[in-house]
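By written order: A, B, C, D and E. Residues from 1 in each chain.
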């Protein structure tokens, strides 16, 4: 009997690029881990890919179909956090495992979590701890934040503040600026941020927490360096980070950049991806790969696809990924992973040669709080 | 005290920018009479109708129906008070059939517009009335033809049919016979004559054909540049110099 | 004709309706009114200039739509994709001429921008012609069908962009010398915005001239009301309609280029994203009025900046707020275009 | 005939198609197995209702509104918020539905009274802005609405999959809460559809058509245009609200993309046009065709694209990820091929 | 009809016109001699308007031929027909109501600015147009719109003028101006085909007359013959000249 896995992703719509990466990464992961045989313990692996168009209701319906009609053993998905959240109860109702990748919302492994949910993607809090870890550990640091004015932005800022409190007590957030979700003109925001920071002592940083079209160049063009203010952006997919090139020296944190992790899996992925797609693997390629690895490692360990056995096997399980070894935390099934502190390169070799590694932040230096009610 | 006239205007005035289209027109129309309103093109006849029926807001003055001030009411409310209006430039529901056009007018009269749950096609009362009206204007053969496929003259007849179907107290005809062929005209003129004969209706008629005016009107009101310049018996008014020159364009009375 | 008749029929000529200045004063009045609220003059200048420039870019993106609507009574919901298309057209120039962008020469950089604009306008103009021919022509006079059909065209074109250039966002470099800002004391003016103001004013002036000084505008307005009659007067109205549609599309392309360099990232949906803003602007202006569109754009952009500075919580709805206020004041928009 | 308000399909083929669709929907739980067909059938029912309510506005009254999804969303959120906050009971359903209906009625009346006086196309654009404001609001009020993430909730026990009212299967199908939920949706849809059909064929409905044709003349005949239009908006908004509530009940979830997004508005428009504007039956055909296409087009394209693998370009064009391309083409083609919609087409063929 | 030896300016031969499923013109034959004024009479719905629209190419003749000035114009597109020298005043007047009176006339003068002498003459005929020169034509009164429609057709000299019911809605004094205008145009060598219900006006103007019924020509001849023959009048038009003003 085949092992059936459903991969649900928002393959059409504005995040088409993300979904493509996830799918490519997932398939390459299976290929690598099964050494090209696409079979495990003699059972063929059958992947059913479904497009939820980033719609929560569709994602939910598709997952129901996957469990009921296609009778998959476990499912992986999806791109949008809203869609992923809507999928969570379906896993519980059907009593089957769902590996969430690459949706980031904290609530997935937080308040909306149930025991069938595992996540290989990083969550927003991990990003926040990464960002906090990239802030100097000593001296006066004054921080202002710029985020979108909706739940994701506000949660992001809150997470950053608690992360700073936890690991960088020397840094203070003095100002929070929220811009409309679809804002295009940031002059007013920038003015307010500059006004808030310019007279402060020590290192002055604007942390940008943003989903979608990045305001970085708009802020940078208004010359924050006049006041000695630095900007710290988060990581992003490669095409989006190409803008960073114009601002060498800028520092921030990221969870995957193809040149950073040193392990055979990543080496293979980078080489193979370059060969097949003419570009290095990106953010979500690594994510997809990790999800594949989690699934196969679990099935192998559980000796089959029985959901209860899978859950038992996966709780606390470590598995190898291009991002390095990851571990599903027992309490909330969130996979923990390393983060990287980067600095933007002055002169890259090519358009994707963007970042220099400043520091690797090991997973145990990131005390991500457990937020689910178990 | 005399009973209030069916329709009265007091100092009715409207200005468009610098142009005074209707200038301080006061006039009473008693029921049972047919008043012809004549005047050169652009004299303000249609505008006067628009002010009475509410399509235009007056700059000054009042419109009274049976003594009640309706100046601030919407056209629909005035129609409910019994002011009925046919238009100079044909103005119908182009894609509904002739019968449905008339039926809408009948229905408005029957106050059935807010009935949500009865079935329109089984309202025999409305249909029969509408068919009767179509027969009166001799359009019964065209009952299923939409106005967009009617010739100009037939559209004019339908326009009149709508007005009749509304059964108003005040009938306002704006050149009902324009574009109607000579052999069709008697039908419409007879209709207007019948309405007048009934005695309880007030008819206002704008018409450029003097023979029509002569044969129908009890009274003639002359508008000129928006001002009321003559009012009285048909014969006297027609003979007055202002009508002879400004309207008929005759040097002396040779018409 | 007798004397009486002649006299009566010869009252003085009525004057033409006068230009309506009130909406034009609105912008400077608003700008001055917020000065005391902002307090700091340099912040005010920075915000005002940035707002003006943003207004120009919005105007460039919206002008084509309002032109096509105002002249032809066609509501093109696919307008947004022409903006995207214009933006992507820059790639055709930036590919071979990448050197011009990184060159540290104002002349070369501006020439590059100009070239991008020309290429984009040609491309969107051509696609516009196809659009008009294949999609829009059969539905003249029917707004609903126009909305549907152009929406279909939008989806198809957007997918074509995906198919040709891929789904990932594409970063594009702003030419070297247009980057950064002029700094005068505490006032900053982004260089690119200064360029945008220039181009916006130029296009506005050109449109005004063309529409008011030639008979093209007349002919098209007449043709929309009654194409049969215009043909019966001996004009080949079809051709003109195509040209207007092409012009509208080309303007969208121009707007797209300006927007692309502003955002520095291309996505197929970038045009669609600004459409609600564009619609708001042309409603404020009075559907179909180019002048109104201009004032509306500047108004919306300035208010967005001021509100964003003074009360960022309200920034989210500032556009809709402006629209509501304008509509309460003038229910048909600032410069209503009479029709029907 | 009385049930259909004497507005029969007036074409044999059309009657057969309609009977076929209704029969399939009625028998769906028993004829098709699996959760996908049932989901599809439920979605068809909801959209039939939604599209019919929109047709009242668009086809019969000639109002082009882009805010229709707002009412759909209010219905969905009404149910979602009530069930999430007040617990999974029938009282919560009632409270949610009633408050949603009240809110919709008030909003529709306000929008109608304030803005139905302006030019038609102007009104459309204003509703566009209103709709986008509603979406922003839903996202901002995240503590109540769940923001971008939406709300997942539990249904009353009788509608849960685990509920088994009958011990024995009927026709080989075990009746469970899911099937009950489906029939709830089906029955509500049928009843409201018939009410809408009655309304458009009532004297009131004819006044709406008259207003669409020539509002100036309707006013002169004594009909208060603004009042009639507002009434039509309110009725249509109420029906859309019910549709939203049904949608939420079926999905046990509601979020901005599910009921508020602009793309749903576009879908509705397309369904109305494919089916045939101004013929409520068009709503049935349009919604059925469209939902089927939406559910199965990608699958079909996937099959086609693998079958054609090897041939240049073609497999790319019918790659499942390009389904939107075909949807767009469908927009264009449907407007041309069926100017009167499918219903108009079928009726015309009958009477030369 | 006058047995002119030369070919008539306009000639319709067994023209059939369909509008959608309706068959309106059933093989129309008629001619309009150059330099003369020909009246087209008939009851409501006889097909007069349809005839004019078919000539202008606004409706396509389904069979038959229309020759203008020796050229077959049956299938030409409307703008080309207009450019060959035909002006048209439609029954609905088709005023451009958004445009000012001036703009309406500017558009009608295809070949450039209107000749000032001609403009003065026109505005003398229709003084109201002068007064509303710069205001939107949509605001004109019914009769004023009719005047504008005529003015538009005569803004420049044309070979042939097709006019559909020009006196409808005009005050008697204006009907006189109108008659004057057509006389003047005829004197200037223009050919006119006039549809008219006002037989009184028609009788003063026409050289020739064509009477239609149900999409066919039932009579054609000179106006003087018809004016003289009371019986014929009654048979064709249902009324005699005397009974009507």
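Simple rule for what comes next: a contact is a pair of C-beta atoms (placed from the backbone, for glycine too) under 8 Å apart; a residue touches a chain by one contact, two chains touch by 3 or more.
Owing to the predicted nature of the structure, the values given are computational and were not obtained by experimental measurement.
Peer 1: Which chains are in contact with both chain A and chain C?
Peer 2: For chain A paired with chain C, the chains in contact with each are D, in label order.
Peer 1: What's the farthest chain from chain E if centres are computed as the mean of the Cα atoms?
Peer 2: A
Peer 1: At what distance in angstrom does the C-alpha mean of chain C lie from that of chain B?
Peer 2: 47
Peer 1: Rounded to a whole Å, what is the gap between the Cα centroids of chain B and chain E?
Peer 2: 29
Peer 1: Which integer distance in Å separates the CA centroid of chain B from that of chain D?
Peer 2: 45
Peer 1: At which residue positions does chain D touch at least two other chains?
Peer 2: Counting only residues that touch two or more other chains, chain D contributes 136, 140, 324.
Peer 1: Quick check: what residues of chain C touch more than one other chain, meaning two or more?
Peer 2: Within chain C, the residues that touch at least two other chains are 1, 5, 9, 11, 14-15, 17, 316, 339.
Peer 1: Would you mind listing the residues of chain E that make contact with two or more other chains?
Peer 2: Those would be 128, 135, 173, 177.
Peer 1: Where on chain B is chain D touching in the complex?
Peer 2: Checking each residue of chain B against chain D gives 53, 55, 74-77, 79-80, 85, 87, 91-96, 100, 103-105, 107-109, 112-123, 126, 162, 166.
Peer 1: Where on chain B does chain E make contact in their complex?
Peer 2: 16-17, 38-47, 88-89, 149-154, 175, 178-184, 208-211, 246-249
Peer 1: Tell me, which parts of chain A touch chain D in their complex?
Peer 2: 11-12, 16, 51, 54-57, 60-61, 64-65, 68-69, 81-82, 85-86, 88-89, 93, 105, 107, 112, 149-152, 181
Peer 1: So in the complex, which bits of chain E are touching chain B?
Peer 2: It comes out as residues 19, 22, 42-46, 49, 91, 128, 135, 139-144, 146-147, 165, 168-174, 176-177, 197, 199, 237-239, 244-245.
Peer 1: For chain C, which residues are in contact with chain E within the complex?
Peer 2: 1, 5-6, 9-17, 215, 218-219, 221-222, 225-226, 228-237, 338-339
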